[in-house]
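Down below are the structures I want you to see.
Both of the next two complexes hold subunit A, though its partner changes from subunit B to subunit C.
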Partner chain A sequence: MGKTKMKRTEAGSGNLKEHFKRNWPYYVMMLPGIIYLVMFKYIPMLGSVIAFKDYSAYKGIWDSAWCGLTNFKKLFTYPDFYKILRNTVVLGLLKTVLTFPVPVILALMLNELRNAKVKKGIQTIICIPYFVSWVVVGGLVFDIFGIGGLFNNVREFLGMSPLLVMQKESWFRPIYVLSTIWKESGWGTVVYLAAISGMDPSLYESASIDGASRFQKMKFITFPLLVPTVLTLLLLNIGSFLTLGFDQVYNLYTPMTYSVADIFDTYVFRVGIQQAQYSFATAVGLFQSVVGLFMVVTFNKIANKVSEDGGLW
Partner chain B sequence: MKAYTKKSHVRESANDKIFGFVISLILILFAVITAIPLISEAAVSLSSKTASQMNQINLLPVGFTFDSWKYLFMKGKIWTPFLISVSSTVLGVAIALLLNVLMAYPLSKTEFRPSKYIMLFVVFTMVFAAPKVPYFLTLRSYGLYNNYWVLILPHIMTAYNLIIVRTFFKQFPRELEEAAMIDGCGKFRILLQIVLPASKAVLATVGLFYGVTMWNQYEHPMMFIQNMNLFPLQMKIRTIVDGGGELQAVTMAQTANYTSATLSAAAVVFAILPVLVAYPWIQKYFAKGAMLGSVKG
Partner chain C sequence: MKKRYAKKLMSATLASVMVMSMLSGCGSADSKSTEATEQTAEASTDEDIEIWSTNNGYLPVEAGSELYNFYKDIIGVGIVQPYVEWNGGETYLEQLNLRIAAGDMPDMFTPWNGVETELIANGALLDLTDLLPEKAPHLWESIPEDVWDAVKANDPTGQNRIYVIPQVMSYGRNGAMIRKDWLDNLGLDMPTTQEEFVEVLRAFKNDDPNGNGVADEIPTGGRAEARWMGQLFGQYGIAMWEGYPQWDIYDGELTYSAVTKNMRDCLEWMSGLYAEGLLDPETFLNDKAAWDGKINSGVVGIWEHLPQECYNYAENIYNGTGVKPEIAVLPAISAPGYEGYYTMHQMNGGGFVVANTDDEAKIDRIMKVLDAYGNQDLWMKFYNGVEGMHSEVVNGESVRLPDDPSTQQNLVLVPFNQIATIDFQVNVLSSQLTDDRAWAVSQAIENVQENQKYVKSFAGDGMPESITSDYPDIANRTLYIEYATKIITGEYSIDKFDEFVEKWYATGGTEVTEKAREWYAKKAQ
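After this line comes the complex of A and B, so read on.
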């Protein structure tokens, strides 16, 4: 591997000495970045070995004793593991099925708006939530669904008794889905609108001449042209299924809803970092990362098949 | 785009008009629903203690008062976290841009053979994330536990943003660089004096991506920062929303014209304000970035 690399480089610029003489500034430029990636990405990856070790704080990552697959055996016999796996998959599925189509529909509709000012105004408003933190969204959700919040005020107005929404297991998933739609669909819409604005206007003109209605144009021109983008993003979304993100769940759940809300990211944080069960939590995290790797690679491959240039690489 | 707007001169059928009307209605409704939580929260933050305790506040302030805000600003201990967030974001974006530009430039040169292998090295970090615990232990071993720099260093380079910068550099006209080379410019000078001045838009976009991540970050401070004096704004907001610490005592005070609810609302709105201030700028550059991220390019 190393040898062929050398040879090619030499062929590219005479010889190795010549190559360095000419390109040393490039190496200098890349050095900080490479050191950074090694320190902050690759060394932590290698640290995963503690999943196969009995980590002792005194000995550190590299000198702790090996313990084989003990942590993984514990993992697969642990009921909690299946609970968080299920929660992660369910929330991921809900996110994909229920929230993914929203920006597509919004973009198709926004594209039909003739009044540029209204269009811009709506875009501006629906995008704001994307840029606020999940801490803020969590604060908003707790305030609005709490006692004295808008939600319970409306219930009271309708003659219903107040409901502690955030403490109810059955409400967590709807809250999760709604908060995702609220925070992220505006931004998704902008991405799709950018794709739509790149479409060939002559298609619409000829359709107009043929007497197509606006709805027909949306259905038979805009939508089909948008499908490759939609499909690509969908596949990439599914690929990163297992990394739902710590911030959202952590800022929306309560101990009362752990049973349906706890996902890999939050579980590993509580058990691994707060309770310091380092080796076991690393096994959980490693499972997540490895399955995640396979999924990303697989779905990237499919995305590449579905549309040219579809995948991330 | 032009031809498309011209079309509106064609007389629309009645059906088309109804279609347009229904769509406008749905979209305006969606925008209103998006805005309601923000409006309601602002209303709560501007309402009186009694109104809050009687659950009277919906979309408009009841018993209008700035008392929650006054308390937040004067005694809420919000300014240190605010300054920590501002300084770490500004410093972080500057470092991130420097690091990313330096790394992306050689990677954009196809004739520089090693770039292909380094690219693989970069992309791999995108598909395989180190598990949290070894990540935590490693960074702690670097001395980043309870350290201001943990707000910056973990976020200064992501594969995704690096690739955006690289894609942009790839599209830079070769002739300009070659002309400078013939004039005897070294590679550093070409990057600094020829390429960078023409890259403001992409730097703004990527800088904003990094900036928003750093400003909004919660997971890293949650993992690494226990010391209250080092809390960034988001952590502080969360403690106020949770009604923790000194705020409990405040609600007890009879004379105060606020409750933990109105204070929490003020804190949440306060955290949104900087985003709103930067928003016109964000809007300008973010949409551009949306179309830039492709590894291939």
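After this line comes the complex of A and C, so read on.
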């Protein structure tokens, strides 16, 4: 404890100069990252000010008139606001509840495989979809479920009439979840496997000496040690709870499934970019971000309570 | 302890990066805008005029390219056009908005979806009222005076100035077409009543009209968002332009055609056709490429498009299947109790607007382009394009080559389509009757003239898009598409239509209708 205190004063006001003198190479190394952050993340953030302005692209940000909270009022009184909010929350929940655990389970299962070649092979195969763009995945999904696609050929074979599920509301959510699992879980698995491979082998050795079965080792060693990683990734996920990813929904929905598929991102795109209502779209985006920030802070607190090392900060 | 502190610091930094990236909002839009500016930056110089217009997949026009030199020779001004995908106007508008937001508007562009309204109000577009008669007399005279008056009346600032070069079509361009050879194969007559029409659809579905032994025929259909289905909407007297419901007089007052009894009855009928499998089950998933692909592979019986361009379909069907199809105009059919027609849209939005500038020399160059655009003596040249790319010389006369987006540059100036008269269309087509194309082109000549018997204009023609600009969902027809497509596919019963009408009026329809009627009252004076 005393050591920490001393360190703090050392880094504090008095010896700042000396501190820099000693550590300058580290600061230089950080510089590109900081410049990147400021240029591409902080400076564009100033643009959020147009959420409070009646922005006209021609007048520019400064000369556009202030309009207070008009854009937010418009958002909250927008007749479809609750529909979009509901869709976003439902899809976000589905994503967190149904797709988030999949890589954890996959990683635990893969870890038990004895044959290294099979393990690597499976790992590679499930990883590949992650590198395929949603545009391509969207095209594949539409083809698989189209007339003459795999899905309807099977139905035909079974003597059922063709079904165009891409225009059915009730099918959108399952397709959304399944396509997410197919595309994303392989990548997540790699992260967990990396965490597992970093675990202390002596723990397993002593467990073996105590006569623990493989399942017991998984249950009492691997999984508990994995929890901090799981929590960190969960927190990162939750921060983007309302930012589900525009490209996935955009490439999977049709006007016929808007009622269950339209989320903030796609709505902002249609109204903001296509109809050039920038101020309104920014207000929606800002709303999303504030909710995201709030959720990260809240869940971080909860995570800190659940396990000592659980939170991000 | 120290290690843990470092880890926390790192995670905190990481988390703040995440949060910041969220706060900074739509990242993809940023990257797209830089992409768009990069593409064009290398193409244009100060002397050239950058013009954006519809491009359905053709090659861009770069400085020094063949089409660039072609325009430069005729007009004396270099024209460049980057590749901007049209995609039903959606992608085009997106790219255009990004360029406008970046403060780098193209010098001249086709406005879409009311984008010009705000630009005019902010003084971003060039006032052409005095320039046109003086510096582009050919264009000034090519467009009738009453159309110019209508353009003036639509000036959103209320000053009666001209900012927009309108697209004028003095004839009915869109209409329904039918595979006459299929009717002949099955020994059927051209349908003239709705009952006969449905019988023909059934025969097309069940009796193998293309004779390939497989039941692969699609009697009729259309595209996503219920677009290009005028062959069906028209039967109920619904003013409908390429899937966009229009404003016409219903029950004695100007009304949005989507919320009328006509629409209700039509959707009910269409849902029956869909359930019976007479409409393409994939209709609402078809994009342009998918639907055209089906027509071109010779499996579609009846569709709505441009009769004047039906030679494209005919040639594609022939190339793909070896069958020379006979495409005829389907006479407008009336549903019981209604008067059917195909919608004729004379004032079809804006053709071009010009970015405001103080640069006199640049204004002169743009006016030169506009004058040439309106000069009917040059239209034939513009139509034939670059020799060897768009056309070839046969017996001393230029003849267009078949359309091929992969080798042809996009024709930037197509006045014959934008200030169109049927006479010029027929003349143009008549010049293309070479030995190997005559069979197809002659069908187009016949069809474009035949179609005029069945077309009708509507009261809301020329209504400015600014009327709906405060209600993006009405402009996007979001609610209409949702209910119409779901009713047709049977997901909703027809009773839901009343809920749609109620919702539409409640979410801005009342205000829009009021504005539209005000506009109409003014126009009628």
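By our rule, the second predicted complex is superposed on the first by the 250 of 313 C-alpha atoms of A that agree within 3 Å, B and C clash if a C-alpha of one lies under 4 Å from a C-alpha of the other, contacts with A are read in each partner's own complex, and residues count from 1 in each chain.
Keep in mind that, in the parts below, a contact is a pair of C-beta atoms (placed from the backbone, for glycine too) under 8 Å apart; a residue touches a chain by one contact, two chains touch by 3 or more.
What you see is a predicted model, and the numbers here were worked out from it, not measured in a lab.
After overlaying the two complexes on the shared chain, residue contacts for A:K168 are found with subunit C alone; subunit B is out of touch.
In the superposition on chain A, contact of A:W134 is made with subunit B only, not with subunit C. In the superposed pair of complexes, A:S197 makes contact with subunit B only, with no contact to subunit C.
Judged by the touch definition given at the top, the superposed model places A:W313 against both subunit B and subunit C. In the superposition on chain A, no contact is made by A:T77 with either subunit B or subunit C.
In the superposed model, A:I50 makes contact with subunit B only, not with subunit C.
Once chain A of one complex is fitted onto chain A of the other, the partner contacts of A:G186 are limited to subunit B, with no touch recorded for subunit C. Of the two partners subunit B and subunit C, more residues of subunit A are touched by B.
Of the two partner chains, subunit B is the only one touched by A:D143; subunit C is not. The contact surfaces that subunit B and subunit C form on subunit A in the two complexes overlap at residues 37, 40-42, 44-45, 47-48, 60, 142, 146-147, 243, 246-247, 268-269, 272-273, 278, 281-282, 285-286, 288-289, 292-293, 296, 309, 312-313.
Contacts from subunit C toward subunit A in the complex involve residues 1-2, 4-5, 8, 11-12, 14-15, 17-26, 28-30, 90, 93-94, 97-98, 100-101, 103, 113, 115, 118-119, 122-124, 224-225, 281-282, 284-285, 472-473, 475-476, 478, 481-482, 485-486, 489, 491, 503, 506-507. Listing the residues of subunit A that touch subunit C in their complex gives 3-4, 7, 37, 40-42, 44-45, 47-48, 56-60, 79-80, 142, 146-147, 162, 164, 166-169, 232, 235-236, 239-240, 243, 246-247, 254-256, 258-259, 268-278, 281-282, 285-286, 288-289, 292-293, 296, 300, 309, 312-313. Per the touch definition, subunit B reaches subunit A in the complex via residues 1-4, 7-8, 10, 12-13, 15-16, 19-20, 23-24, 26-28, 30-31, 34-38, 40-41, 44, 52-53, 55, 57-59, 99-100, 102-103, 105-107, 109, 111-114, 117-118, 121-123, 125-139, 141-142, 153-154, 156-157, 162, 186-188, 191, 212, 215-219, 222-223, 234-235, 237-238, 241, 261, 264-265, 267-268, 271-272, 275-276, 279, 282-283, 286-287, 290-291, 294-296.
On subunit A, the positions that touch subunit B within their shared complex are 5, 8-9, 12, 23, 25-27, 29-30, 32-34, 36-37, 39-51, 60-61, 106, 109-110, 112-115, 118, 121-122, 124-129, 131-136, 138-144, 146-150, 152-153, 156, 182, 186-187, 190-191, 194-195, 197, 201-202, 204-205, 208, 213-215, 243, 246-247, 250-251, 265, 268-269, 272-273, 278, 281-282, 284-286, 288-289, 292-293, 296-297, 309, 312-313.
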